[in-house]
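First chain A sits with chain B, and in the next complex the same chain sits with chain C.
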Partner chain A sequence: MIRQVLIISLVLIPFVSLFLAIPAIEFENREAIFHSIGLIVLLSAINVWLATAFAWWLLWTESKWRYILEWLVFLPLFIPMLATLFGLYLILAEAGLIGTYIGVSLGLLVVTLPYSIRLAYNGMAVIGRPLLEQARLLPMRRRFVYVLFPLFSRTMRTIALFTTVILLSQFALIQLIGAGLIPTVTTELYQSYAGNNLSLALSNTWMLIFFPVLIYFLLSGWSRWMVRMLKGRLQ
Partner chain B sequence: MSLNVKAIRKQFGTRQILNSVDFEVQPHDIHAIVGVSGSGKSTILRIIAGLETTDGGDVLWNNKSLLNIPAHKRRVTMLSQSALLFPHLTVGENVTLATRSRSRKQAEEWLQVVRLGDRYDAEIHELSGGEQQRVSLARALAAEPELLLLDEPFTNLDPKLKVDLQRFIRDLVKELKLTAILVTHDREEAMLMADRVTLLESGEVTRTGTVEQLYDTAPGFGDFVMLEGELRPLAEVEVSETAGEPVQLMKKIYRFGQCFGEYHFEDGRSVMLSTEESFQIGMMYRIKRKEG
Partner chain C sequence: MLRSSVALTILVSLLPLAALVFLGVESIGTDWRVLLSDETWRDSLFTTFYVVSVSTVLSLILGTWFARTVVKKGWHLTSTILKIPMFVPHIAAAYLFWLLFSGSGGIGWIEANERNYATVILTYIWKETPFVFLMMLGTYEQLNRSYVETAKTLQLSPLDQFKHGELPFLIKPLLDSTWILVAFISFAYEVPALLGVTYPKLLGVLAYERLSTGLYLEATEPYAVALVWTCLVGIGVFTTYFFTASVRRRIERGVRR
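And now, the complex of A and B:
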């Protein structure tokens, strides 16, 4: 029991400190919020789509390139983020995408996609190949709507949450590739830290926490409602 | 509509699983593919279902190649060792999903056919193994397949349920005039259910024929019997009332207008032989070499 209490305390310590000061009620830079929400929605959707498609391919392919491709896709997981970031910076600079919304989105996609594919692949492995094979015998729309979506919705939610958390943790990437022109909640947070405004920093920190929690509840509710609705169509 | 499997080859890594496999399935037949584990029999089914690709050869359904048609468009359904029902759906929802018009009414009718008409709203985990396999059968049939693939679907069932379901599926396939392929390692099961049998060994077809042909001619098809101190294929022995080793007839199975009997020796071995209907269950007979 002591061990469990110790572990939980370790996990919760950072959050306890957030209650030690009173946060400012308003968040000044609305543009940063809109950018953050836009990036979260866009990248979560793209990550779920690409990761699911690639994991599905990995699961069934008999290509001799499978292992090489799998290794290449998961390679960024083992490489320090700054190395990836610098390589990305050079390519995007060459393409003239530094300081643009597209450049930041591409950069964040490169960083988040390997994690998403790994999550999607593991999610499919949990469902199991034999069950997914039964689904393959169903017409394509039914397969995705009535089988894959309900069975895979938790994994999709995890991918969206992971994308959100990684995205909100990326100060260096957004600052470097966005060239300071794409403000997000994260970049604002660092500025408030730098300005020694504890109340504003706290407000921004709560905003950082608020996004994933909100997304978690929204996605949970939505997927539960969708599954119930889809099951209703089979009655 | 017949199925032609032509010179199919398949290799996994360096291992040759199927080596130029040929056989033909006649319309409305149950065709058994019999072989030991690793002989490649399930791989054939998976290729026919579209779940596996081939390295060569072709699969023709009504003289049209199936190989370039995606799995869901082949009108083929598969029943496996596990029921593989979708766990988030109820019994009825699993079957409704498979019907072509997503119709609850049709699903209920199919559940009636498998004698589970009152379990539409039951959760999958509430069902026994045999019931789950019957739901799986209802789901497979609800898709109105032209070809039913049976991949050792009786393996995980207890003996009584196994025999019941074997007969039930055979009768149903015949009644609905379906074509079915049964993959099994159990020769007795093949003999009970199939019209024709293909014997597969290390990815190669060793023999194809009707059950009667293989029963009479294929070495190794059917059990061997220890008789006069020697192992003999069943085709060489017969039952009489007068001379030979004593056995007891346990049950009779009627197939193709012929009667098969399951005989038990005192030491627990059992064999199946074609026999006369006049033999009585529970009585002692004699098993001996066929004359000539």
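And now, the complex of A and C:
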């Protein structure tokens, strides 16, 4: 019991900092919030779509390229993120995508996708082939809505959550590829962290923690409602 | 639809490799002698080695120990709470630790920004231990306990029981976690930029600042350093996976049987 309390306290102690000062209730740059929400929605959707499709393919394929492609998609996990960013900066500069929304989205997709595929792959392996075998007879849309979504919705939620957290952690990527033209919550907040405005920085920290929590509860509610609706339709 | 999605995923996954090629091309004009003898880069390299090894080793030990204990004792609440730090963005975690250790209102045992990078290490341990915990949790939940029971019957010491009954099954998730953490911590900007000191900076911070500061815009060193560091990590990944391949294969076959 004592050990449990000690571990839980150690995990929760840093959150005490949130209550050390009164946060400022002001959001100076609404554009940054809209950009962040836009990027979170867009990238979560793309990550869920691509990761689920690839994990499904990996589960069933008998291609001789399977192991090579599996390594290829997991390899970026072992490449330091800033090294990928520096190289991407050169590629996107050649393509004229520096300082654009597309460039930033692509950069974020590159750093988030390997984690999403890993999560989707593990999630699919847990469900297992026997349970999904019969679903292969269904057309694509029905297969996804009636079988894959109810079984896979928790993994999808985790993918969206991971994407949100990784996205909100990125300052260097958004600043370099966005050329300072795409403000997000993180880039704005970094200025307040670096400065001495404690209450503003604290309110920004609250917001960074609030976004993933909000995503978690929204997706949990949505997935529960969808599964209940689908069950109702099937009865 | 499925084929085009798979093709798109492969294309996106090829981008980091293409990025390395571009890094290589951009590094061509680098004077390697000057780079290797530059004291600023050298000090950064040693500090980075120190921060990465301490953070990674402690996260691995704590994460594995937590997973082992949680499964053994059936601590469900602890298991849920242990995952919470994973969903706090790194930059917010860094600021929480800065507040916790800064003079104004914080604990103040150690300085928030100090030369030993203690707060950076603590932030990484707090953020990465749950990741290792999650990687190990799955393995511990599926672990065949009869190996440990056999080791107990043979009256092996607790350390030998772990060595023979558990460790072989942990090799794969431990290897994966180690290199993901090394790649993630070693060349990052956000956390060490906020909690680090002006000298010596960590490699990622120094490289990013040299790349983005007007004074160094023409310099190729940041690209060269990024490439060299990626190669070092790559050699580490290749070597460890290569030398453990036969053990991992044997265990996978045994588990399947």
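In this section, the second predicted complex is superposed on the first by the 234 of 235 C-alpha atoms of A that agree within 3 Å, B and C clash if a C-alpha of one lies under 4 Å from a C-alpha of the other, contacts with A are read in each partner's own complex, and residues count from 1 in each chain.
Quick note on the criterion: contacts are C-beta pairs under 8 Å (C-beta built on N, C-alpha and C of every residue); 3 or more make two chains touch, one makes a residue touch a chain.
All values reported here derive from a predicted model rather than from experimental measurement.
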Room on chain A for both chain B and chain C (clash or fit): fit
Contacts of A:P150 with chain B and chain C, given as first, second, both or neither: first
Which superposed partner A:E62 touches (first chain B, second chain C, both, neither): first
Contacts of A:S220 with chain B and chain C, given as first, second, both or neither: neither
Contacts of A:S199 with chain B and chain C, given as first, second, both or neither: neither
Chain B versus chain C as contact partner of A:P130, first or second or both or neither: first
Contacts of A:K231 with chain B and chain C, given as first, second, both or neither: first
Of chain B and chain C, the chain that contacts the larger number of chain A residues: C
First (chain B), second (chain C), both or neither touched by A:P80: second
Which of chain B and chain C A:M140 touches, first, second, both or neither: both
Minimum C-alpha separation between chain B and chain C after superposing on chain A, in Å: 13
Contact residues common to both interfaces of chain A (with chain B and with chain C): 140
Residues of chain A that touch chain C when the two form their complex: 3-4, 7-8, 11-18, 20-21, 49-51, 53-54, 56-57, 69, 72-73, 75-84, 86-91, 106, 109-110, 113-114, 117, 122, 140, 161, 165, 168-172, 175-176, 186, 189-190, 193-194, 198, 201-202, 205, 208-209, 212-213, 216
For the chain B and chain A complex, residues of the former touching the latter: 49-53, 71-72, 76-78, 80, 82, 84, 86-90, 92-93, 96-98, 102, 104, 143
Of chain C, residues touching chain A in the complex: 1-2, 5-6, 8-10, 12-23, 25-26, 66, 69, 75, 77-78, 81-82, 84-93, 95-100, 104-106, 126, 138, 179-180, 183-184, 186-190, 193-194, 204, 207-208, 211-212, 222-223, 226-227, 229-230, 233-234, 237
Residues on chain A engaged by chain B in the complex (per definition of touch): 62, 130-131, 133-140, 142-143, 146-147, 150-151, 227, 231, 233-235
